[in-house]
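Could you have a look at this structure, given as structure tokens, before my questions?
Labels A, B, C and D are assigned to the chains in the order they are written; within every chain, residues are numbered from 1.
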Amino acid sequence: MKEIGVGVIGTAFMGKAHSLAYAAAGTAFGDGLRPRLEMVCDIDPEIAKAKQIEMGFARSTTNYMDVINDPKIELISVCVPNAVHREISIAALNAGKHVWCEKPMATNVPEAEEMLAAAHNSSAQTMLGYNYTQNPLVQSARDLIQEGVIGSITGFHGIYDVDNEADPDRPYSWRMNREASGTGANADVMCHLVSMAHYMTGSEVNRLVGDYDTVYKTRIDPQSGEERAVDNDDVCSALVHFDSGIKGTLRVSRVAWGRKCGLRWEVHGSQGMICHDQERLNELQLYKRSDDPRQQGFTTILSGQYHEPYTAFLPNAGHTLGFIDVKVCELHNLLCAIAEGKPAWPNFGDGIKIEKVMDAIDRSALSGQWVDV
Amino acid sequence: MKEIGVGVIGTAFMGKAHSLAYAAAGTAFGDGLRPRLEMVCDIDPEIAKAKQIEMGFARSTTNYMDVINDPKIELISVCVPNAVHREISIAALNAGKHVWCEKPMATNVPEAEEMLAAAHNSSAQTMLGYNYTQNPLVQSARDLIQEGVIGSITGFHGIYDVDNEADPDRPYSWRMNREASGTGANADVMCHLVSMAHYMTGSEVNRLVGDYDTVYKTRIDPQSGEERAVDNDDVCSALVHFDSGIKGTLRVSRVAWGRKCGLRWEVHGSQGMICHDQERLNELQLYKRSDDPRQQGFTTILSGQYHEPYTAFLPNAGHTLGFIDVKVCELHNLLCAIAEGKPAWPNFGDGIKIEKVMDAIDRSALSGQWVDV
Amino acid sequence: MKEIGVGVIGTAFMGKAHSLAYAAAGTAFGDGLRPRLEMVCDIDPEIAKAKQIEMGFARSTTNYMDVINDPKIELISVCVPNAVHREISIAALNAGKHVWCEKPMATNVPEAEEMLAAAHNSSAQTMLGYNYTQNPLVQSARDLIQEGVIGSITGFHGIYDVDNEADPDRPYSWRMNREASGTGANADVMCHLVSMAHYMTGSEVNRLVGDYDTVYKTRIDPQSGEERAVDNDDVCSALVHFDSGIKGTLRVSRVAWGRKCGLRWEVHGSQGMICHDQERLNELQLYKRSDDPRQQGFTTILSGQYHEPYTAFLPNAGHTLGFIDVKVCELHNLLCAIAEGKPAWPNFGDGIKIEKVMDAIDRSALSGQWVDV
Amino acid sequence: MKEIGVGVIGTAFMGKAHSLAYAAAGTAFGDGLRPRLEMVCDIDPEIAKAKQIEMGFARSTTNYMDVINDPKIELISVCVPNAVHREISIAALNAGKHVWCEKPMATNVPEAEEMLAAAHNSSAQTMLGYNYTQNPLVQSARDLIQEGVIGSITGFHGIYDVDNEADPDRPYSWRMNREASGTGANADVMCHLVSMAHYMTGSEVNRLVGDYDTVYKTRIDPQSGEERAVDNDDVCSALVHFDSGIKGTLRVSRVAWGRKCGLRWEVHGSQGMICHDQERLNELQLYKRSDDPRQQGFTTILSGQYHEPYTAFLPNAGHTLGFIDVKVCELHNLLCAIAEGKPAWPNFGDGIKIEKVMDAIDRSALSGQWVDV
């Protein structure tokens, strides 16, 4: 089994998730490339060292260029704040390294275009962390749709609600500042929903009208103790048209109490419907008009051996995959792309299309007009 | 127990639902007015006679003015196609009769205004059949919201999907013709959702942007056997602002396979969330941020004795109410309004506000602009 | 439409439920017999008079023989405490009246046998109020099973949990006294579960081992203020064999916090499974092994027009029936039996088989032995 | 971070699950012992070699004594057929190695007693793979119960249905032969349920009556093509008493179509109820009688940061754990036991109590008597 040296830049939630995926991927899939955990990077030297030991890397650094320049490293995880995605990804691509970059791709379209240009100038593979699309059951749903199980697609409707910022007493942070972090729920949450809309429909949003709501207009600044205006969006909604001709709706919130990972979507078809709720990631809902009316309804399909690569982890249905397993699947898709030299979905070319939808929502919400993507 | 003579005009689904409500209301509530089934009207004399016998009325007629002019009748159900609501309701109000009119109120705002004027000129009571708002559990949810259980309202999001017209092979009908029936899903389905938005938030939509989709552009005309263009909406969506300052989203479809009565709504609050799905009308979902985090989640509240007037039917939770029981509650609210001489919700004054939202959605969808209601 | 005069003896929950059913049945079904509410009986003269007015009867009485002897009354509802079922039912049958008796049939098998003998000596029809078997969706499930949709039946497993007596602070009552009320959860709750086991399998329990638990051994007597021993069962369980050769399990509790009407059953088959939960009475769960494995799972079937007599109330799925509607269906089955002169299920002959199972559970729980029914 | 050399004997589902757990545990937990994958064993040399490479071990063998005698290996996974658990576990313990043995412990009580004796003679730690008890959310449920959130425990009821053998056309195998494999569903499935009953109640079954059903009496022998009698149980049920004084029910089936991992249990309490369904392993149901009746119901608690060690994998609720993550938790508990030199639950001492319950069920089912454990 061939090995591939990997480095991880950033050690928060996603740095850990990537590290767990690297640790498990070889054993789970047993074919293709086996990741070898070479180096981890964090700007805080104590954290860097601690995480090296905790997460099982051979070396650590505080300088991300050490990762990029390490000859033993071929694949680099970019798990840093969005504002630095561009800089690190481009440096890694220029050094010929494969890049696994967390979502969203960048903080604006021009940055994402620079990243895409660097990818085009490189023979390395890229992958963006739109992990909900990598769930075996979701991929099986896409297959079913493409096989015509629900007829032709007639609409896509998605919601992604979380409650990260739902507490009105939560203090002001850079996330609530448009200059520092760009848009709010649009950048943080909507991007996932757009990735799912593109993936499930095999089509892209090309026209839309969007709206923002800042539910908590001010928050207490923990430094000054004074109220400070929040100037980006807590809630973001859009009516959308796709280039395939279908229409749909997208709405997200970061202030929706009780929703922890409330990504719910529906693909409407001329002969049925398929729905999914990320909080029950092992369950798919399918309705087929062709079923006998007395016995008809939504069927709850459990993840199982008929939804590959489920059996890389478990032999049969009911045992359930988790978030980390899905991250391993995502990595596996990237490793296959590297091994075969052909791109996986969603690479930087797919990612920029998502960025452009978020940008269009922003333009529309600010202008009050329907806009083209 | 005082009686009240009632007449029903129209004998399809809603004519029967009103008749069932009249038959049950006295026994269920045991106080106030007991309906006495006097006369039923259908334009087909055979149907009129058959329904009189089947549904237990004393007399029948093919001329609705017989119902209106009958001195024994004080309350009239208007269960005819939307296009005739105006004419019959106004005649009934002018004759001093109370009117229980099915939704939507009319086919356009000017008609609804005429109806409202007639109501204003009468001391009779009016009620519109927005029955989903009359569910004891939904009314209890509204009480909880008003008591602050979920803090201040921060958003309202609703979906109402049905599959009445989801079959692409379903033939062309007058419902698919804008001239004959007005808008499609907007008039038929959205009106219910707007009633719920207004009722649950205690506020009204005052600005919006809407969008239509005609998913099946043509249907086969059963007469000619030829394809005919569908010129009203199968799907209707809107981003909305309320006069209380909150924002929300509304979307409906008449072509959503598998949804039978898929009215699902969420009221987001600063301290929690409340959700409901009409297909499980006896269950309410409540999340409170104040709960202990280890034990926190959405609580499924079952209809029961703490959600009056549940005990008019059943002594305690778990036995479940049905659609007809809720229709009996709706009638009970109207009978109380009549007995007490003070209006119930939603009367014609409330209804016209719903009509104006549907009208604004139509204007926006056709113009591609945000519009004021 | 032919009328039938009815009388109701007893005015608590079930007296009201029967009255509501009588009020609605004619309008709902529109064919067959239309009930005419003649007389209601309660031993308290004030309640009798009040209920007459509230529930819409022509007359009232405190003497149940007045109901039995009234020549205008042909059908009598027995909605009194279990200990009096025998006496009233036999008197009514001897007077040639049809009897609709609430469950359980009696307090012991010899009483039930006397009742059955009276029924055999009469040409009148009998019906027992095992209402959960009368749900159109449940009856449709039985049809599906009989058509072989889940292959041959391989097992029946049922639970019926309620929390009526779950509060340990609830005072002592006659229900907790074996001499006064017979068995506890066995008589009150198990009888429903046995009715469902017999109905769904088309077979009868013929051998079993049972067990009792008295969870709260003492309760405070509200009169004396002192602790008093509870000497009947809070929980009752059994392993059962059916005469068809299948086996199963039955368990019930009256002290199961949170279960309001928690009657859940599963019919296991060689080719699938069907499940139901009474708290979601409009939903059936069906799994078929013949479905495509990638799309396989439990299908949630909603009550609808394909599950007659659903359309006696509502035109199509999603509108949902309630407990009272199901009671109307039960009455309709009895009225058809009366009109056609042939017995409905469950009549007294069916009921005694249920009583014998409860009796066998009691014998087994007390003796610690497997017993024949 | 200190390392520990590990060896895995057996390479089927559980061999892989242990290997995945070893690969991930260090990175997930970051403290304590980091497993180092030393040697894998399979009796087939080609499989042994292939699995070494696929699953990332340093060496492989066909002789399990190589694993036991390897000085670099301190912890050994026993993932072989039940009949060999005794032999390998005892050899490993005698060699001073820690043992992580899959469930059930052995094929009968005397074997299990030998294993326990070997454990008592060793200072090594033991762990049995009753993984469903190791779910952070389930462990949190146990904490809640012990803190009195549902009052005192009043009953335990569990079901574990799977459909492994539900297909009547499935050929005869050694699993259906009592001599070759011991009991059927009792050994395979009931053991998990008993582990959960003991774990959740903190008490042990001490008296019971059990029953077996062999639903498919014969199966086709794939060798001879002839029908062969199945002589162990497809279904196994018991009424049980616990040494704490509570009672309960247990039932399992290996022929229950549609149930993939249908382990559902309920702990009834004097002040509430807690329920879990393994197919939704990230959701717990909690009912508390102390809640406001208008807002009362079962709360669906999602796994999250308040249910440690959840945050070894994910930062907050909604992201969901899977089966493999829970296996990592199980391993972590064993590694802590090794590091701290004090036993984890369930070790061989706990396991033998489970074996004795299965044995008692067998005795009771064969004798038709209540028996002591």
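By our rule, contacts are C-beta pairs under 8 Å (C-beta built on N, C-alpha and C of every residue); 3 or more make two chains touch, one makes a residue touch a chain.
All of these numbers come straight from a predicted model, not from anything done at the bench.
Farthest chain from subunit D, judged by C-alpha centroids: B. A count of C-beta contacts for the chain pairs B-D and A-D puts A-D on top.
Taking the mean of the C-alpha atoms as each chain's centre, subunit C and subunit D sit 40 Å apart. Averaged Cα coordinates give subunit B a centre that lies 53 Å from the centre of subunit D. Separating the centre of subunit A from that of subunit D, both taken as means of CA atoms, is a distance of 34 Å. In subunit D, 259, 297-298, 302, 304 are the positions where the chain touches two or more neighbouring chains simultaneously. Residues 1, 13, 16-17, 19-20, 23-24, 26-28, 30-31, 34, 51, 53-56, 162, 259-262, 278-282, 302, 304, 313-325 of subunit C touch subunit B in their complex. The residues of subunit B lying in touch with subunit A in their complex are 150-151, 154-155, 157, 159, 166-168, 209-211, 213, 215-216, 235, 237-239, 246-247, 249, 251, 253, 255-259, 266, 268-273, 287, 289, 297-298, 368, 370. Looking at the complex, you find that subunit C touches subunit A at residues 140, 144, 149, 286, 288, 291, 293-302, 304, 306-307.
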